[in-house]
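In what comes next, chain A is part of two complexes: it sits with chain B in the first one and with chain C in the second one.
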Partner chain A sequence: MTALEASGTGTGPATDAKASVAGSTPVTPAAFNPRRDRRRKWFEIAIFVGPALLIFLVFVIFPMIMAARYSLYKWDSRQPFELAEFIGFDNYTRALMGGTDPETKEIFWKAYAEPFWNAVGNNAQIIALSMLIQLPIAMIIALVLNRKFPGRSSVRLIIFAPYVLSEVVAGLMWLMLLDPRGPVTEMLAAIGISDPAGGWLEDPQAGFWTFFFIVSWKYIGLAIILFLAGLSGVPPELQEAASIDGASWWQVQWRINIPLIGPTVRVWAFLSIIGSIQLFDMAWVLNKGGSTGQYSTIATLMVDIGTQRNDGGYASALAIIMFIFSMVAAITYMTLVMRRDNGARAGKGA
Partner chain B sequence: MANMRRVGAFAAFTTSAALLLAACSSGDGDTTDPTDSPTNGEAEQSAEPVTLTWWHNAVAGDNGENALGDYWQTVADAYTAENPHVTIEIEQVQNEDLQRTRIPLALQSGDAPDLFQAWGGGELASQVESGYVQDLSDTLADDIERLGGGVSPWQHEGSTYGLPFTFGVEGIWYRESLFEEAGITEEPATMDELNAAVQALKDADITPIAVGAADGWPAAHWWYNFALRSCSQEVMAAAGVDRDFSDPCWVQAGEQLEEFIATEPFQDQFISTVAQTGATSSAGLVASGDAAMELMGQWNVFVYEGFTDGTDEGIAALQDDLGWFPMPATDGGNGDPSAALGGGDGFSCYVDAPPECADFLSFIVSDENQMAFTEATGALPVAPAAADAVSNPVLVELAQVAGNAEYVQLWLDTSFGTNVGGAMNDGIVSIFAGTGEAQDVVDLMTAAALTE
Partner chain C sequence: MATAVKDDTTRKAGKSRARTRLGGDSSIYVTIFVALIAVGLTLGPILFLGLGGFRTNGQIASDPTGLPDPWVWENYRNILTGSTFWEFTLNSAIISIATTAGVVLFGTMAAYPLARYSFRGREGVFLMFTAGLMFPLTVAIFPLFLLLQDLGLGGMWGLIIPQIAFALPVTVIIMRPFLAALPDELEEASFMDGLTRVGFFFRMVIPLARPGMVTVGVLAFLGSWNAYLLPLVMLTGRDAPTTLPLGVTQFQGQNAANFAGIMAYTFLAMIPALVFFLMMEKRIVDGLSGAVKG
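== the complex of A and B ==
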């Protein structure tokens, strides 16, 4: 805010006094007009923020309000909304607990709550596994790559490549590779690893793990690049000083590098958590979350119900639930974990 | 080609119509004057320029061929030549995109194409209830009568909202040479015979049946057929209207499917296999002779052809070796053993479309053009008068089975609508995957029906 005000005052008189061009010393203090200045300031804010705000309102806030409204209706999404019937929070109770009617609770639980909680469970597992598996692997690779060695940039490029690949291309590629008669399946079979009974992706148990492997392959590059960027910001003097004091390579990493890239790791974890909650494209491309939902996520379930089964109200309720999950996760993480990073920066600035 | 022929795989809705297909009643004196295009005169009266927009699902296949799309263009050209004041703008859209996204959004936005693909059943009923489609009952009364029972999936509560141009039933496709190799001499007519054939093929080290369960609906069609054999026509028809699945025959269908899966008739990892894309799909397995049988609709002959080298000899060799028989009869059950499952493709007119739309639709399904359609694409026509134009021997047999069927049931997912149909397919795939039971399918369908 202070920055904006300053720039406002700086350029304000320009219209009245040519003399003040290029921010020279205040030649014409008499021309300073606080009201016009304030108007001008708001005009500038409107010009710069307006278009973005408009797009945000039209494409984010408005659809969210509409989704919240749809979620309270029984609505065949192929029909005009006028034909929809208001049913209160039934769509929510259907997802969360199989509805409130004891007579239909059992089948509603089986048909709606079970797939929903299965998807929530998959999302939660992916978050947890990202922290437990992706984080350590990415960290080790980043630390190793942080040294100078021949071909370092090519190795970095290769590791980052999956992240840059389009989600659909990567998904189709894995579909072909992991086909029951696909090359990876055959190669693994040749070294004695036979694929699970239902195939790598569609097996009701193994499918999730194959999916998690593909997602990790796709996104670990981002973690590594972020960590590498963080590591390059660690002052080399600290590492040299530690080495001179006799610290081993591992001690340098553990005592100096890893703690110092803490903020980067925390930002990555935040992106990873939000990304895991909203995970959609890969699961959808592979087979709409799996033929038995073995790697379905809330987002694939929502799109499936909304576009394949045209239950617009229920799908909107799932969208709102997902929004709430993301928001709660984001706010909790911000206040509990990232506060110290933000706090430190704010402290420095003050 | 493959996808566009996946008629009604996911489609929607209500009329569990008993379709009496007179497709092959060539001896019955059904012959009408093939050149008569009844409403041409009316249209010519409005000389003001009219533009008809037309969305259909005929897109080019993997090999770049688009026989149906090319044929539609010639039909449009012929019509505009006769009616110079009409311009027809065609848009070709891939089947699922068209059905799931483009048409529903266009209808809701109020800026819809005049003439668009319609798969009939529950989906069309939903469009009718929303007031999106034109009632053609009076304007095209002659055509409706001429086309016969095949029109019923495009009817809702006694009125007609679209006309089909192709319709067929499904059955089991097989490779005759593989049957020979396994020593099977007769087409199985009962489940016992089918089980024996499966065993014989396994003994000869041949994969008996291919199924593309990863796509859902191809697996579900096995259950539909068991349901057709275990449920009476009345129960079927009632379920199509009021979504009542309380009759025990629905659970029995699942139990019969479980029993059948337990005999391990399908290829390895069928749950990972798709139906039509690539050499490892179920159609690819049959086309390459890696599997002996597949349960599929009439379109599959074209899917198989897509896996040949595309030469006339290659296609002829495949057709020579391709056999077809209807779903075998099961022990017990209240269903008629001759009943068949089927579906088709048609077109509907948007409610605000100009009168030329109905006139053009009538032109499309005229006897003359139905014959030209069959000659150009090889597919089964709906107009009885065009039945003689069918040249593929398997499709001729298929049309006879359809004609002799006690009744033809529209694909169950199309009939029940996307919501109940989707729940049903999910439940059936779970049986295939071993994670669900017969009762689950009925429970999922019942729950979905309660939310409508």
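== the complex of A and C ==
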């Protein structure tokens, strides 16, 4: 029942969009019998696009719309949705500022807003640290490795390997290694870096940094490989010409290589930001965001509330907030960066 | 005369090569040094994990950083002779292969008219798929779970179909320019030879688009193989199959004290993905940088 209703609502935007591009003139090549041909064409289009469109509308668009709807209700998700009570934007105001009711504000601030802002802060810190720490490290490694040396292809292969592992196994691996009795903890202690009071992961302060380290271990290979792919597209003549003119290695990198792989860097930054907003698996596997939420993310908070507290409405509000963050990132990226890169490409006369 | 010119150019080439290596022959050691550190930081933890699986819990407790002494095969043998590890791996394999097949088939089919037909609403449909990139599965997980329950979609299909749906946007986005780039002459010639558009799709597009299909397929496979949230949520609801990532966390939960066992299990769970990566490395990298450029 709900599914039918769903695909109905889901088609809405599509038909709107259809109308908006009605101006583009349809061209029908090789038309012998125009009418029959046109009907046949639409039939073919339906056959080709239909399955994908149907699956997409039912399993992507419809759940998104339902998430938006649920987020406006007070709903114990163990009960059928019919029993839910419409509360407008209360779930959102609770997350953002502990609700609007002065009487409950203090309690709700502690219960809703505090964990929410803690998670948002962690997501934001991961984004910022990716740009400030992962990016420069990956860039330096890529620039240094961007030359011929013995074993080059194996080195690239190995550096990229963690990216293909699941966050689950990568997370569990580090959980073992960084256990208070684990080998890496012991090794670090042997060279004078003793683990913090609560352990590498559970310490309220150090836990976040350990988490960031693990995320970086898994994902920095992607940055390096993308940057290397970008660097291989820089014409070697440019670098040669610059060094003949007496530019130092650093000057060549700084003036030629880094600016020329700008588009690649921006794309990586976008992927990294979107990934950071939606980070879930790793934080959940380590310890559901940490016992004091030291590395909780919006997604872990959402799943925690949805499955442990069965607050379907509030969990959905968090989902929508997460979606809004992703959308803002995507739209900012598209308007700022793509216009610039495409403009540059068009300028080259491609 | 000719030789003199040649000499001159070779000398110049030699000189410029020397200049490019500026900072010169010693800088290769910097490169190798950085490469070694990067490789060590990447492989070190994985080796530690694998070696830990060859030790007993007693060995690990008394000397966490030591090598296996003696080497113990028991942890690995127990896992590999038990049924659950293989069962989970098989589940993951079936789900990932089915997801990949569905994504590649439906995605390429959808991309074909979007690339090569002109019709009203074409850009609108494409835009909608593009917008799908902003809807990650994480955001839709609870409504999706309820929807699957309402539809009675459990078991493997409850994982395969949503994973296909969420992988479609990136597939359509990569495949559309790929299919649009096929030369028009090819299409005209095929129509001249009496091939219909449907015939053209099956006889010409699919064979020619194979590189693109492999690329999107590899990405879809990895995504499905590594998926965690959907199997996790589905498992709590109905008897969904346990996939390998879930299996590892289950084993860890049930054997919390068996440090060496967890290490062995986690290490074994890494191997299929690493083997797949070794086989498909070029495709994965091309796919990612292709997706990035496209």
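Keep in mind that, in the parts below, the second predicted complex is superposed on the first by the 295 of 350 C-alpha atoms of A that agree within 3 Å, B and C clash if a C-alpha of one lies under 4 Å from a C-alpha of the other, contacts with A are read in each partner's own complex, and residues count from 1 in each chain.
Heads up, the rule we're going with is that contacts are C-beta pairs under 8 Å (C-beta built on N, C-alpha and C of every residue); 3 or more make two chains touch, one makes a residue touch a chain.
Since we're looking at a predicted model, the values are computed, not measured.
Peer 1: Considering only touches as defined above, state whether A:197 meets chain B (first), chain C (second), both or neither.
Peer 2: first
Peer 1: Go through the superposed model and pick first if A:79 touches only chain B, second if only chain C, both, or neither.
Peer 2: After superposition on chain A, A:79 lies in contact with chain B alone.
Peer 1: Please work out whether A:181 is in contact with chain B alone, chain C alone, both, or neither, and reply first, second, both or neither.
Peer 2: After superposing on A, A:181 lies in contact with both chain B and chain C.
Peer 1: Just to be sure I read the superposition right, which of the two partners does A:105 touch: chain B = first, chain C = second, or both, or neither?
Peer 2: After superposition on chain A, A:105 lies in contact with neither partner.
Peer 1: Chain A residues in contact: does chain B have more, or chain C?
Peer 2: Of chain B and chain C, the partner in contact with more residues of chain A is C.
Peer 1: Which partner chains sit in contact with A:36 here, chain B, chain C, both or neither? Use first/second/both/neither.
Peer 2: neither
Peer 1: Give me the intersection of chain A's contacts with chain B and its contacts with chain C, in residue numbers.
Peer 2: After superposing on chain A, chain A residues 77, 176, 179, 181-182, 307 contact both chain B and chain C.
Peer 1: Mind pulling up the chain C residues that touch chain A in the complex?
Peer 2: Touch list, chain C to chain A: 16, 19-20, 22-23, 27-28, 30-32, 34-35, 38-39, 41-43, 45-46, 48-49, 52, 60-61, 64-65, 106-107, 109-110, 112-114, 117-125, 127-129, 132-136, 138-144, 146-147, 150-151, 161-162, 164-166, 168-169, 172, 188, 191, 197-198, 201, 222, 225-229, 232-233, 236, 245-246, 248-249, 252, 259, 262-263, 266-267, 269-270, 273-274, 276-278, 281, 284-285, 288-289, 292-293.
Peer 1: How about chain B: which of its residues touch chain A in the complex?
Peer 2: That would be residues 10, 12, 100-101, 104, 107-108, 123, 126-127, 129-130, 213-214, 216, 268-269, 271-273, 278, 280, 418-419, 422-423, 429-430, 432-436, 440, 443-444, 446-448, 450-452 of chain B.
Peer 1: In the complex, go through chain A and note every residue touching chain B.
Peer 2: Listed in rising order, the residues of chain A that touch chain B are 74, 76-80, 83, 94, 104, 106-108, 110-112, 176, 179-182, 195, 197-204, 287, 291-292, 304, 307-311, 314.
Peer 1: Of all residues in chain A, which touch chain C in the complex?
Peer 2: By the definition above, chain A touches chain C via 1-3, 6, 13-18, 20-22, 24-30, 41-42, 44-45, 47-49, 51-53, 55-56, 58-64, 66-67, 70, 77, 81, 140-141, 144-145, 147, 149-152, 155, 157-162, 164-169, 172-177, 179, 181-187, 190, 217, 221-222, 224-226, 229-230, 239-240, 243-244, 248-249, 264, 267-268, 271, 278, 280-281, 284-285, 299, 302-303, 306-307, 312, 315-316, 319-320, 322-323, 326-327, 330.
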